[in-house]
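Here the structure is laid out as structure tokens; the discussion comes afterwards.
As written, the chains take the letters A, B, C and D, and residue 1 is the first residue of each chain.
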Amino acid sequence: RSCALVLNKALSSNLIIPDFQGFCGEIKKIYEDLKKVKGGKNADYIPQLSRVNPNYLGVSVCTVDGQRCSFGDTDIPFCIQSCSKALNYAINVAEHGPGFVHKFLGKEPSGVGFNQIGLDKNGLPHNPMINPGAISCCSVLKKDESLADRFDYATNEYKKMAGEEFIGFSNATFLSEKSEADRNFAIGYYLKEHNVFPENCSLFETLDLYFQLCSVEATADSASVISATLANGGVCPTTKEVCVTADSVRNTLSLMYSCGMYDYSGEWAFEVGLPAKSGVAGSIFIVVPGVMGICVWSPPLDELGNSYRGILFAKMLIKKFAFHQFDTVQGDVKKIDP
Amino acid sequence: RSCALVLNKALSSNLIIPDFQGFCGEIKKIYEDLKKVKGGKNADYIPQLSRVNPNYLGVSVCTVDGQRCSFGDTDIPFCIQSCSKALNYAINVAEHGPGFVHKFLGKEPSGVGFNQIGLDKNGLPHNPMINPGAISCCSVLKKDESLADRFDYATNEYKKMAGEEFIGFSNATFLSEKSEADRNFAIGYYLKEHNVFPENCSLFETLDLYFQLCSVEATADSASVISATLANGGVCPTTKEVCVTADSVRNTLSLMYSCGMYDYSGEWAFEVGLPAKSGVAGSIFIVVPGVMGICVWSPPLDELGNSYRGILFAKMLIKKFAFHQFDTVQGDVKKIDP
Amino acid sequence: RSCALVLNKALSSNLIIPDFQGFCGEIKKIYEDLKKVKGGKNADYIPQLSRVNPNYLGVSVCTVDGQRCSFGDTDIPFCIQSCSKALNYAINVAEHGPGFVHKFLGKEPSGVGFNQIGLDKNGLPHNPMINPGAISCCSVLKKDESLADRFDYATNEYKKMAGEEFIGFSNATFLSEKSEADRNFAIGYYLKEHNVFPENCSLFETLDLYFQLCSVEATADSASVISATLANGGVCPTTKEVCVTADSVRNTLSLMYSCGMYDYSGEWAFEVGLPAKSGVAGSIFIVVPGVMGICVWSPPLDELGNSYRGILFAKMLIKKFAFHQFDTVQGDVKKIDP
Amino acid sequence: RSCALVLNKALSSNLIIPDFQGFCGEIKKIYEDLKKVKGGKNADYIPQLSRVNPNYLGVSVCTVDGQRCSFGDTDIPFCIQSCSKALNYAINVAEHGPGFVHKFLGKEPSGVGFNQIGLDKNGLPHNPMINPGAISCCSVLKKDESLADRFDYATNEYKKMAGEEFIGFSNATFLSEKSEADRNFAIGYYLKEHNVFPENCSLFETLDLYFQLCSVEATADSASVISATLANGGVCPTTKEVCVTADSVRNTLSLMYSCGMYDYSGEWAFEVGLPAKSGVAGSIFIVVPGVMGICVWSPPLDELGNSYRGILFAKMLIKKFAFHQFDTVQGDVKKIDP
């Protein structure tokens, strides 16, 4: 009998979150507390972002073994914007290998404002999570194919990571982004001048691809699966498909950890301690490595450009659960290790 | 019978490194490869460092459950130098709480050269792992007590973390450090001018404490226990004594991860992905959170000021074992998860 | 009789350089010494510049009362390149007043490399002598007229300042400049993003005007008259035509003095102490305020982008004559005050 | 008869300001307008400066031929503070030659805030008009002699330049300066670390000399003679004594012109166009090269640290008189050329 118990426990503890229902209850409480919070302001540099209902709030969780829960507006499409930067880097490294990709971009926090125009000590954009590196990253992605094929390739990869759940495209956002892109054109020409791009690279095509991938849509639900794929070493937890390589996941998580939250990245790494990437439409993709992926979406942004309620969510999560990369389960810990 | 097997396996897998002997064999191979490598140059700004035999090489491992192995010169005392910065911060946060300590220093990589004189956006030194923040950290440590008591307090804490193993003091090093300290005096006066220090703080006493704690000695063996205490949430794995709080450990590991290796920190976080702190006498304290502490010691430094063979050790370690914080054990992994 | 002598002397000393023949003899000696010097390298970012015979050397002088002398290749056309920056600013301030023009650009040395992308503390490009400010300057020039009329207007003004002597245009240079203009496009988009340009400004037209005015040609002879017009408070010494206002001349000379020689400007102001502007085709327009204009032209450049022999010329000139703005004619002076 | 007239005119025009009485009338008007102006705030980092009556206002003029006029509080002693920087540099270059002096400091505007800690591209403090360069300058001054002799030497030179008029010393200011000197100690140690000082240099003696020379007193009257000595190529206009060399004067005026007014220096050079040096006690030494020296003193400072009414004085002066280095007397000029 005791033997059966042991076996049973062994089995149940194979699930990464043994008491998933209890866990979901805690997430729900956080969601409900967040629902009452007001603060922040939608991005307004293009009308497609300023017009979104600022009350939307969605929280989706997907564990590495495919358990899921969702609260609020988790099936409304939003543009993933800068969250695409993390995916493009992951896809690129998986496709071309880190050695090749890092001929065109660096791997460290820039230490200066996220939108500074400048290069690192090797003459490369600092990392793929900020605009210069992200544009450089797009220049490399399937660079010898047509623009159409490159876009198709990337969005197919996104869709695989999302377990074939919703991935859409907002053409209006793309057109608006393109017409409000002085900074990105400045960056593009600056990189071109410094020979950062691969040979025969077309700056205009590169920027088009960049803006298009920023205009790809997901829902909190589909995005939580993407995050979970990253949490699961590149294997989609719902379809079991191998999407990106383990090398690629390690690099991507490293850079999301140190550079994924604009100028809040340093503080985020210290306080929250999880790889994440935020986008200007109000989404944050959060990865708890080996455990789960989370997407929180709420359009109003704080002054550093991260979702106001998204940041609050992460702080409340990390207060309750021992998810910080350097949280410990020894010693005088009071946090839950779910 | 099969039940007994299950129980047995459960028991054995309670050990963090089930096949410790196998693991030690791999570490030994790395040690032997390293032994053949030449490169780097002893620090030479004071004679006490330049005179140390550059052939010394020690590697010590201590797991969170107290298993240990050592190769080479692991019982020769060396000055811990900047490794003290991590310990002082840990002790401080454990003693005074993170809120109080971070009134006097920041929590992010500085993004500029490690020895720049400057403050972060809040008017504080960037973090406790580089000189300005480390000096600020010393100004806070048991600030209302006498210098003698403060030194005693700190070294006692070091000794607890080292499981009561060897902790010494090199007075010659202290005197030399103090006499070659133009930069640190410049930093000290700069911080004083910017009101970074606590009220009634004596700059000279603060710097004395700082130099003295840099001149504390350890061996690779005792230092591996210190690292293991950090890996183990603040509880010494050999004595089971609770040394520092879980909060303090999380903060300390976060900052060792992002700022512990001078100007190599960004690259280290990306490539090695482990909290670590290096000192100019050639030691690197490496923490594999929840698993083990490692100390590697070899006096010659590379041009960024880290132990030349220490950096090589970490790269070889991470190539073989899935110890990188964002290494994954899913997907196409070829690394060992010991 | 003695009265006649006094009158005679008064008359002769009305000429700004009483012994002009003697002065020309000294300039000729400098020219001949320079002729023997080798050093520097033609600009090579476009073929039109790299192909110019590097042996060309021309030195032309025109005093504010119209006395002239020329040595060497002073009737060969060259592109004035960045020398146009000084003229465009002068024309702009004369036309629109300093208040209006300085809504779009600053008035101080930038303190950082001349080709950095950045703005001053007021959010404006630092000054009209470096690319960002020069592009901003072009955006303002007769901004409500057609591109053709704007170009005509500027070149007519140049020609007036040159006493109707040679002013040409190299269309090949213009086309090459435009096709090698990544940096300038980057700057242009950066300025556009920061709302530096006037309303309804077309970035492409602005850059076209900028490149075209860089591609305007002069000879050392005609350029010495332009410089002399600036030396003479905006009145052409050969035609007596009032070209630009005294205000405009004061501002232009101030900025040529502090910012006209790329990253050598600070050293130039200290060592040579004269307003000047250099161009990448190897010309330097030098102004001795109230005395004369000089143009020296020699295509090979030093590593800071100034004419190698042009810089040497200025140093030899200033060693011989008390032309430095802060040279004194009291005390222990050994220099000639011609 | 006409001959006599010519001779007479020639004679009278030998005076640098032929109608000196008229000129003084204009200065008096400016003084009276200034007298009504309120604004700015005394320096308050030491009590000796904060306690000075903020209503004091003195304007003194001394021409290169010794004509003088004074308005207001021109015989009240004030500490010359940073104005000593210009004098120390002048004395140093006259004594040791520019080649030797510039082994220890640079010659260009720093381009960054005047109190930044940093070195120029040659590893030297940027220029003698800001603290790091001024401290370096003091380290060189008669470096092999005793501190007492060095102080005596410098103040004797000051007194010669002042035509033997009032030069005093405020020991209370010296003691206060020394006790509030964290920034200067930080700078001193920073320079020491970077081997900027001459061999065997004592940092403490250097700083003592620096603080002592800041605490030297002058009156607006005596300071106007000092300025006039600089305007007159180093020869005191009242005693005819040769004080500093022509080389030294040229260099000093060049650096006063580009760097003498703290962070307002760029704007000052553009708008006022005269060599000047301001001090935190509210004095500005203004040099009209070849024409006159002026001292204006009014203790309240603007936010950049220059005398509030002193800056206004200069603007009013330059609006009325063609004293800007690049003012022209040709063309459409409406200013007075006195």
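Quick note on the criterion: a contact is a pair of C-beta atoms (placed from the backbone, for glycine too) under 8 Å apart; a residue touches a chain by one contact, two chains touch by 3 or more.
These numbers come from a predicted model, not from an experiment.
Peer 1: What chains, if any, are shared contacts of chain A and chain D?
Peer 2: Looking at chain D and chain A together, the chains touching each of them are B, C.
Peer 1: From chain A, which chain is the farthest off, judged by mean CA positions?
Peer 2: Result for the farthest chain: D.
Peer 1: Please tell me the distance, in whole Å, between the geometric centres of chain B and chain D computed from their C-alpha atoms.
Peer 2: 52
Peer 1: In whole angstrom, how far does the Cα centroid of chain B sit from the Cα centroid of chain C?
Peer 2: Computed from C-alpha means, the inter-chain centre distance equals 59 Å.
Peer 1: Which integer distance in Å separates the CA centroid of chain C from that of chain D?
Peer 2: 31
Peer 1: By the touch rule stated above, which residues of chain D touch at least two different other chains?
Peer 2: Within chain D, no residue contacts more than one other chain.
Peer 1: So, with touch as defined above, which chain pairs make the list?
Peer 2: In this structure, the chains touch in these pairs: A-B, A-C, B-D, C-D.
Peer 1: If you look only at chain C, which of its residues touch chain D in the complex?
Peer 2: For this pair, the touching residues of chain C are 3, 6-7, 10, 64, 107-112, 232-235, 242, 245-246, 249-251, 253-255, 257-258, 266-267, 269-270, 273, 275, 289-290, 324-333.
Peer 1: Hey, which residues of chain D end up touching chain B in the complex?
Peer 2: So the residues of chain D in touch with chain B come to 117, 182-183, 185-190, 192-193.
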